[in-house]
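As structure tokens, here come the structures.
Each of the two complexes below includes subunit A, the first together with subunit B, the second together with subunit C.
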Partner chain A sequence: MNRRLHLSTPLRRTALAASLLLAATCSHAQTATEAELARKLDQLAAELASVKAQLQQMQQQRAASPQVTQAAPAAPIAAAAPAPVATSRAEPATVLSSYGEIIYNRPTRHSEMAQADVRRFVLGFQHRFDAKTKLVTELEVEHAVTSSSDPGEVAIEQAYVEHQLAPTWAARAGLFLMPVGLLNENHEPTAFYGVERNFVETAIIPTTWREGGLQIVGSFDNGLTLQTGISTGFDLTKWDASASDGRESPLGSIHQELALAKARDLAVFGALNWRGIPGLQVGGSLFSGGASHGQAGASARVTLWDLHTRWTPGRWDLSALYSRGSISNTAALNAPLVGSATLIPQSFDGWYAQAAYKLWTHEDYVLSPFLRYEQFNTARSFADLGPGLTPGAGATERAVTLGANFQVSPGIVIKADLQNFRENKDANRVNLGLGWSF
Partner chain B sequence: MRLVLATSAIALAPASAFAVDYLSAEQAAKLMFPEAERFESHDVSLDAAQMQKLDAAGVRARSARWPVRVAQRGASTLGYVVVDEVVGKFELITYAVGIGLDGAVKQVEVLSYRESHGHEIRLPAWRRQFVGKTAASPLHIGDDIANISGATLSCSHVTDGVKRIVAVVDLARRSGALP
Partner chain C sequence: MAAGSLKWFVAAGVAALLSACGGGTGGAPAAPTETALSAQASLGEQIFKDVSLSASDRQSCATCHSADTGHAGPNDLPAQFGGALLDQPGRRSSPSIRYLASNTAFHFDSEGTPTGGFFWDGRATSLQDQAGRPFLAANEMANPDLADVIAKLSRAAYAAQFREVFGADIFSRPDDAFARMTLALQQFQREDLRLRAFTSKYDEFLRGKASLSEQELRGLALFNRADKGNCAACHPSAKASDGSHPLFTDFSYDNLGVPRNPALAHNADPAVFDLGLCAREGGDMAARTDLCGAFKVPSLRNVALRKVFFHNGRFKTLKDTLTFYVQRDTNPEKWYPLNPDGSVNKFDDLPAAYKANVNTSEAPYNRGPGDVPALSDAEIDDVIAFLATLTDAVR
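Up next, the complex of A and B:
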């Protein structure tokens, strides 16, 4: 930093005036040619421009730092600077956050399958570098213990930098949650009803779905939020035709989560949400990206879209969502897999409708019973492989979940529910859960 | 619980300086009381009995000292403006509440919002819900104030903040601490 930057403004102004006077006197005393005068004028102009730039830099520094402003209250620049909001306090630059769920599942017809699990334990931090730039991270441990002989998993769930470009526009880069559906970006246990996340947003939309890439977020004054960008996508070379994972969640079995993700083929995505009326959200999203990366037998594309709405009139919390996914060129991909247990579906879809009611509140206690009906099919259709070879479409599962969330404090929730399935009745179960989020 | 690892002093300057700051406190006050000739600063200090009174009414007073801008025109008082900050989910939200002489909310303005989600609390439609609310109103998300999906904590905390300010101004006027 230039030493002159530390001079007080009146002093610098005096120095500037003196140098101007000196220059003028000198030029007068000498029998200077016009060329010499012009050169000196140019020199002065350059000096003035440099002083102006330094002045501007100082003003910016003072505006950005209240401590500097307070340290030199008498300086004319400080008087010209906008007064900070009276209540402004020092903001924490780094904030720790966490959420987690501890769950007990007890199948009503197969109690021998009952399980208790630390489903997930997530630690995150947000660090603000400056007023416009922050880092958001989340580190997740699933199933409590992770080792070669334990079922746990450790994953980075989010790691992105967000930079505010203008009041309306922000950019995110890194590993971020995809803006899809109602649950994916708001998946903390305090944010949804029921012990388990809904089936449509786990089997069809692979929540917690994240990709690496670049995202632009626009928040408009008419209540619209636009999120769009370019990202990594799925990897169809991971499809395991001998396992049932692809049947449970086609996209969940081929997501990459930015773990040495194949990135020859990228994806584009966009989401539009409108919240112009208090209590109402209406939105939709679209994702489409190549998933063969030049490695699969045929080039294929994964496309997923959804429409969703949530309305919270008074004590009610009503929501509905439909999502549909498709994979192109599956006939060519499935041809060598014929006879295997799980072929790649051409399409899969599902919808749900949910109603919750804030039945009882006392101070921070809130009891909200809810009912959710879901229909989903993870193999709605298969591409034609010829007679006798094309697998039949999967059965559409229908699930009813009836239960209640009990908020102990805004960050703590206790949940209990019953789930009944139309197709797989063996999966009928009772669930209990404890969740937190801060 | 929030663990503060470091602090960075960030000035809450007007919109031109930082993209996510929308209004200065002065701009908000003028917007709420355009007919005011001046705003006098009053520091309302609540005593223990008043704090207990608020607590009994279900309002967490949080602070004993409340700076209030009193809108004046000539010798007459037009109303009050209180600028406050609450934590949304992770970040501070700065907002201003304008209260008329009838004790009812005249206007709520969001001066600064920095969360990644929930910018919609800035929308006039959401803020308009507060207009006319008094110390007797529930001022509670899910009762008389509708939520914004995906920004529950920001909505709740701003609503709690408005309720607190309405109660503090009401108490201060009753005790004669405000004109």
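Up next, the complex of A and C:
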């Protein structure tokens, strides 16, 4: 039915326009995250559709021949039961989703650096092929306008197929979000507090971090979710010792985003999250993969792990996270770069603690002030290169963010906050933001 | 049970992966391997060494681009002599012609920086274009015209080979023959391994097969550091992300205010100035007076073999050259003559109108009289030790 195999660019545009029109008629959409809940919802919806079909059949039969009582259901119903794909579907097979952020930043000491930006505009669609298989995609435009002389960027954030192998196990293949931290898989503006994403999960964990590969997702009835797989990794040959990108986010400066990615060295990853008690999530992840692909003077491996927790008792929303990354063999990689501005660090880490409180609600309005304290160091240590040549460790930055999220309607949020830094005081700023997600 | 077999599959996959990845030997691109020259390049090699193609019968391309000095000037004269009697003085030193295969024609890049081009002022658009010009230059090979060059070529030992490759009647069409001759020279320069060897100690270091001594490593750090030598700003030393080794030039131009060289014949007339980029043949850059005094950034590969430095051959040792870089502004009296009133005539190789074009903003030329130079004497020796690692191993 879906014959979008080899479309030329004009036809692809027409297809996108058509799906947007379809979306306009759809009243219901779902986000690409919260896999476990989504899968259960899918199952429930399919079962409901099947039951409705059975009911309709029985009502028709009773209307047609009232003397027939609880006879054995006719073949169509028996056929319908094991295959939850009902002909009368309750929801469409193709569902459009979107999220976006419009942001205003104003440094308090340097108002001349104030800027406003359509930070991201994301369109995604999911298409369900059958009860067990769906395609999940997301397309992102950053900074509004993209061209050779404009600052914007267009990127594919997700493009994977998910297939339900068994009630507890699903497999994903393609470009997917890495199951790391609290923000990476749930990074919509309605999912986090504060206008900007927190620094630990941008500078240490390079949100939005996606890799290509194969992932197995296990969702158990005791609340445990296991995610593990094989994927592409980072590329250390991209490290630019003369630029500052590596100091801002070591892994962010060498990520490949599956764009002509070097793939001789693959990575393994695993994540375990437990949501056994309602309102509590505890979890962690580990990622490790080679990053030199036989092209650097020495072979090196990137490892990143994290531990996180989130607890929402009553009106509170408390969370904490610690993450640490390390790169092996950096002495050999840095030797040809000695003296340059930004050498490859041996380790980098950060942690944060955040508390938010649902202060005021009225119908759909929700006001949630929050406070977040974070510490991170993107160059915690450097491998020894010899006296006078080894760079000193970077300073540990401390950021305090105080602000509030105001939900206008489920899926629309207005945010404001104040950020204060210990090291780079020039970056102290006020932020305002508008976000949507559906 | 489905879950059990799935777990086995995942475990097997992980085991296979872990045995496959990691433990690489760091196989960075090896030095180019020897392959035979193509027919055109082999002709080009013979033309390159053929002294009979000059008016003096004693000068070939190889005469001024000697393999012993990295295919640069063979002696410490600021400019070589040419002409029919080898008595016509040149105006600029002979640059090294190694590592030019990736250079492009002159253009302004996306930021407006002049880039590319062949010769000190970028006036030739390709290796082929550059190769043809010395044949007809009066102070070089000094042939009266193109037809004369082809007549000499037709009498060369390899003329039959030339006919074989380019056609039996090629010598009857002098313009075409000249174009083929310069094409052959270009092809030789692109293919010959001595002109793109990448066999220096530094190349082996980048491949992970050699290590630099402590002094050489200190020199590399001083070379890279933005607050010390800052040499890497114009002479990049890092591998590109595609794995290619650095050429130690960004093919751009700079005006360093190099002192006037009285040893050059044309400098005997105080009204004559070699203005480089803005005054180049063809006059296409005449309006860009902000570029007067700018010359090409040469590659530093094999720099330790060279006998003269800068476009006017003003310095004969690396020590003097590097000391000039860091003491040009802290001790100008060491480098420039004094005016009658006792002040230093800084940037004396530029007319007063263009002295403002000199680079005084980038390190290490951003200091003033009395400041400490960016590199001490010992640090200069460290940098020189590093520069010595850029000499290709002799094959």
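One rule holds for everything that comes next: the second predicted complex is superposed on the first by the 349 of 438 C-alpha atoms of A that agree within 3 Å, B and C clash if a C-alpha of one lies under 4 Å from a C-alpha of the other, contacts with A are read in each partner's own complex, and residues count from 1 in each chain.
To be clear about the criterion, a contact is a pair of C-beta atoms (placed from the backbone, for glycine too) under 8 Å apart; a residue touches a chain by one contact, two chains touch by 3 or more.
Just so it is clear, the model here is predicted, and its values are computed rather than measured.
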Partner chain in contact with A:I103 - subunit B first, subunit C second, else both or neither: neither
In the superposed arrangement, does A:A379 touch subunit B (first), subunit C (second), both or neither? neither
What is the contact status of A:V180 with respect to subunit B (first) and subunit C (second): first, second, both, or neither? neither
Go through the superposed model and pick first if A:L165 touches only subunit B, second if only subunit C, both, or neither. both
Contacts of A:P313 with subunit B and subunit C, given as first, second, both or neither: first
Go through the superposed model and pick first if A:G297 touches only subunit B, second if only subunit C, both, or neither. second
Under the stated touch criterion, which partner chain does A:A331 make contact with: subunit B (first), subunit C (second), both, or neither? neither
So the subunit A residues that subunit B and subunit C both touch are 165-166
Going by the contact rule at the top, pick out the subunit B residues touching subunit A in the complex. 1-15, 17-22, 24-26, 58, 67, 83-85, 90-92, 94, 111-112, 114, 116-117, 119-120, 122-123, 125-126, 129, 142-143, 145-150, 152-153, 156
Counting only contacts in the complex, subunit A reaches subunit C at residues 165-166, 168-169, 214, 216, 218, 228, 230, 235, 237-238, 240-242, 264-268, 289-290, 292-299, 301, 332, 335-341, 385-386, 388-389
Note which residues of subunit A are touching subunit B in the complex, please. 63-67, 69, 81-97, 126, 128, 130-132, 136, 162, 164-167, 170, 182, 185-186, 191, 217, 219, 221, 223, 225, 275-281, 310, 312-315, 358, 361, 363, 410, 438
In the complex formed with subunit A, which residues of subunit C make contact? 2-3, 6, 10, 13-14, 17-18, 20-29, 205-208, 211-212, 214, 217-218, 220-226, 228, 232, 237-239, 241-243
